[in-house]
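Quick heads-up: structures coming right below.
There are two complexes below, and they share subunit A, which is joined by subunit B in the first and by subunit C in the second.
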Partner chain A sequence: MAHQADARRALDERGYTGALIRGDNPLKLFEKAVRDRIVDSYYWKEQCFGLNAATLLDRAVELTFIGGTYGVAQKPTPFLCLAFKLLQLTPDREIIEFYLQQGGEEFKYLRALAAFYVRLAWEKDEEVYSTLEPLLSDYRKLKRRTRESWQITYVDQFVDDLLTKSRVCATTLPKINPRLFLEDENRLEPRVSALGEELEELDHDDEERVNGQSDESDEGQMNGHVDGNGLADSQPDHRSDDSMDGD
Partner chain B sequence: MPDSKSAYGTAAASDTDFRRTWDRSEYEAKAKKEQDERRDDAKARYEAKLEGKKWYKPVDFSSLEATSARGSRLDVASMVGKSTLVPAGAGVGKRGKGAGFYCEACDLTYKDNVQYIEHLNSKQHLVNTGQSGEVKRATLQDVHERLEMLKARKRQQEEEDKRLGEVDIQARIQKAEEIDAAEREEKRRKRNEKRRKGGDGIKKEDQWEGRLGIIA
Partner chain C sequence: MPPLPSRMTKNRAQPTRYRPGKAEADDPASDEESSEEEEDARPVAAKAPPPKATSFPSQKKLAVDLSKAGQQSASATKTQAKAPHEDLEGFVTASESSVSEGEGGSGSSDEEGREESSEEEESSSDDEAAKPMLAPKFISKAKRTQQAPTTPTDSDKAGDEERLRREKADALLQAQLEREAAARAAGKKYWDDDDINPEDEVDDTDDLDPEAERAAWKLRELKRVKRDRETIEEKEREREEIERRRNMSVEEREEEDRRYIEAQKEDREGKGKMGYMQKYFHKGAFDFNGEGQDEEVKRALNRDLAGARFVDDTGDKQVLPEYMRMRDMTRLGKKGRTKYKDLKDEDTGRWGVDMRRKREFEGVDERFRPDDGYSGNQRTGANDVAVGERRRRDDDSGRDGKRTRYD
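On to the complex of A and B.
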């Protein structure tokens, strides 16, 4: 029941025996180019050798930024290397939940790492949504390394990217059904936003303004918050996608 | 020197009692054992060679321990810039102690820290240090304990920082500014002194000295 200290066996194409994710080798979730960069990096060789789910915590609490690959040579971030290690280890569900909840309370980068793993590895869409949505109320700041520079982001922004974007941190995320689809199929309850009541109030104000005056500037502001037809915004906000660039 | 006879007779010298003594018989037995082992290995290797095969030292796989992660970073920068005396063949090949990163267990030298770390992760080294290359799977309990330990360590660090250093960001900014101003003053002073001493003619040449040939 022990796992290997190194990922050599798992990366070997011939006869992989071990946990499968979506019917394939978990390490295949990362592209070949990214896999090679990770395995050749000094951080992987020195610090990710011989980790198990407990000692990985040591490395995870030392993380200071998230990110994919950066620079001309596509150097992987420690965050990406640890995510790769998690894919190799494929820890139990309860350990990942522990990372997310108790570990994440204290160490926000551990929470980001666990959320990334959940999005990649868990196959049932409902579980992904129901586990990641509570994190949308975590407002702590994260440092993100993009290809050429740094950016500041938030835990809830990162989780939202995981749920809506297709490429995050140098990986193409596996396809997931959109939330509306799952709600229609009754696999999930309709989304209750944490801002629920505030959005309703804004709606009322919006309607009053429209009925009362024709004050252009106010309307412009209101429409920025709420969807055009006045429904509370239960869909992810795609407007912000344009401003986020880089992986 | 090994004879503990003093110049004044056969009584043993008592002023050298502080010196270390070695148990000769123990070291003799150790040397004999190693010599016998080496002879047996050489014989087996020779016999295999006669048959055209290669002989590998037998490894008892069940007695190898589980591998665990490194506790500390590798020390690669401590010898940078230092000069040491090395034997004549130090630059050649991997075997034996030479210039570079030396692995005692396998008697190999590497010129590069990347090669060195790859060696430390390799099967050859793991077997030589009695590790199996397999890691024990962690249970939820282990993870829990580890997290508690890390939390405690983080608290300790925070307390230490509070005690020793300035935590207030404004005070730190002020200190940094003061240090910068002091450095600038120093530089200005030095520049003025230099200007007073050396003339203007020498200055231009200085700029290019040693810089010619960089493009080549």
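On to the complex of A and C.
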């Protein structure tokens, strides 16, 4: 694709001839309101002009927080602007994987940006899951800017939100099939958690502790029982997770 | 009050053009301008201090190369302390420097004395790099040969000066770059005109407490695993339920449904009943029952609206007079209150009523109604005769009746 410094053509919806994501202009993944805010912001105008994948890397390593829009005037974060630029550029798979793996080792915000892009742009659900799930073991802190304040989140928390929630960072994420569905269809293997052996141990503990239970599957045991770490809540936990807004 | 410019204008005098063949006239105006500035810059001296550099042909043009050699050595010592930016100010005409050297501390005339004292102040504050630049002075050929041996040393010193000046410029530039880099590193984004309040910011440095972080991560991961397992269980339970119902017969299903509906009814009865003209608060169109909702929010959304009574409630409005029977008692007695009560009362349609009949004698007592039920169409009185054969009158015979009349 010819690289043009002024990528106005991508912003114009008529006669778009670039790469398509899900059959449409990639920029359409962001809502019109958000798109307008991004394009009118100073960060976009000064920093995101004429970027390619390499120079975008320079910008991305300077990121210090993630977020969608904030403030009364819905100002977009640099994170969002760079994600928009990524959508405009639609870089290759290898580049994104590089951002995620090697680049992300050193720069966590770059990793968050690449994960966001993967969730938005890649169309095959299996690929999205298999690429993003290794990140669930990265527990570095991320600074997140909400509408009025700041919050701490973690890389694994952010990725989990990307995979479960419907709205993250001022964008409605495109629908993907839930993991269960893919597992039932045998397109994916059931997830092996990073905890791995520890989980097994916990399950064994549960089994020993509860009397009268034969060797059932572990599922029935997690509810309402105190397991090794002292977790006693029997409610489904996605409700009591820290209050991350979708926006 | 600063001294007024002699030309009575604030415009600067333009430099005089060079016209070939014309002797250049030194403009006193620029002298005065510069002298003004110097005076403003140094208001310390009560009397106007003399200008540092002036192109005014001072009387010092006399002593041309009197102590040129002496002057060179003196200027060498002078180069000890000279500031780089005062190069131009260190511009000393040959005459001046010679005079200052010649007379040293003992000032002959006031002007010169002050000049040279200021000159020496200047020179003492000067950096060693800058040497006072000598104005080019014509030396006759004879004198030139005398001069020649000293010039190499002169150019050497000039070279030194140059190098030192360059180094200083480099140092300055370096300092500037470092400052910029430090500013950027400190996180001041020059495109970000936001004032990010530093107290609000949270710290995202990692590895502050590796154990705690790892433990927190383990907790989150366990929660995720638990959540996944519970969704599986949910699905299982649903499937089982479906299976069970399918296996039951029709009657059993009906039995279950009936029980379920009764349970619902009981719940509803537990809620209050809507009183007569009770104010109705609609709970809103955004009936979003997501997981991210607070318990308080859920309670608010599923409130019992009908049975809610508040402290100032008037209770039964049937006993109130007509004027006070309104749904929203806050409007009582207020100006602009419409007589609108409720939709039912304002409705002008009559439901289930036949509008086609003429309703003249509707509310009238039975005694005063007409005899026939529906005699509107019939004729009364004289018009009551049925249509029949037309009566033949005698005076009609003369007319043109039907021709064939056989009596």
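We take it that the second predicted complex is superposed on the first by the 211 of 247 C-alpha atoms of A that agree within 3 Å, B and C clash if a C-alpha of one lies under 4 Å from a C-alpha of the other, contacts with A are read in each partner's own complex, and residues count from 1 in each chain.
The rule is simple: a residue touches a chain if its C-beta (ideal position, glycine included) is under 8 Å from a C-beta of that chain, and two chains touch if they have at least 3 such contacts.
All of these numbers come straight from a predicted model, not from anything done at the bench.
**Q** With the two structures laid over each other on chain A, which partner does A:Ser130 touch: subunit B (first), subunit C (second), both, or neither?
**A** It touches nothing on subunit B or subunit C.
**Q** Is A:Leu195 in contact with subunit B, with subunit C, with both, or with neither (first, second, both, neither)?
**A** second
**Q** By the touch definition at the top of the document, which applies to A:Lys141: first (subunit B), second (subunit C), both, or neither?
**A** A:Lys141: touches subunit C, not subunit B.
**Q** With the two structures laid over each other on chain A, which partner does A:Thr64 touch: subunit B (first), subunit C (second), both, or neither?
**A** So A:Thr64 only meets subunit C here.
**Q** Comparing subunit B against subunit C, which has contacts with more of the residues in subunit A?
**A** On the superposition, C touches more of the residues of subunit A.
**Q** Once the structures are superposed on A, label A:Tyr154 by its partner contacts, choosing first (subunit B), second (subunit C), both or neither.
**A** second
**Q** In the overlaid three-chain picture, which partner chain does A:Glu46 touch, first (subunit B) or second (subunit C), both, or neither?
**A** Both partners, subunit B and subunit C.
**Q** Where does A:Leu180 make contact in the superposed view: on subunit B (first), on subunit C (second), on both, or on neither?
**A** A:Leu180: touches subunit C, not subunit B.
**Q** Based on the A-chain superposition described above, do subunit B and subunit C contact any of the same residues on subunit A, and if so which?
**A** In subunit A, residues 42, 46-47 are touched by subunit B and also by subunit C.
**Q** Would you mind writing out the residues of subunit C in touch with subunit A in their complex?
**A** 187, 191-194, 200-206, 213-214, 216-233, 235, 291-292
**Q** Mind listing the subunit A positions that touch subunit B in their complex?
**A** Result: residues 1-6, 42, 45-47, 49-55, 57-58, 61, 91-92, 94-95, 98-99, 102-103, 106-107 of subunit A touch subunit B.
**Q** Under the touch definition given earlier, write down the residues of subunit B that touch subunit A in their complex.
**A** My answer: residues 66-70, 73-74, 114, 117-118, 121, 126, 133-138, 140, 142-147, 150-151, 154.
**Q** Please output the residues of subunit A touching subunit C within their complex, sorted ascending.
**A** 42-43, 46-47, 64-65, 75, 78, 108, 136-137, 139-143, 149-152, 154, 156-157, 160, 178-180, 191, 193-195, 198-199, 202, 218-220, 222-223, 229, 231, 236-239, 241, 243
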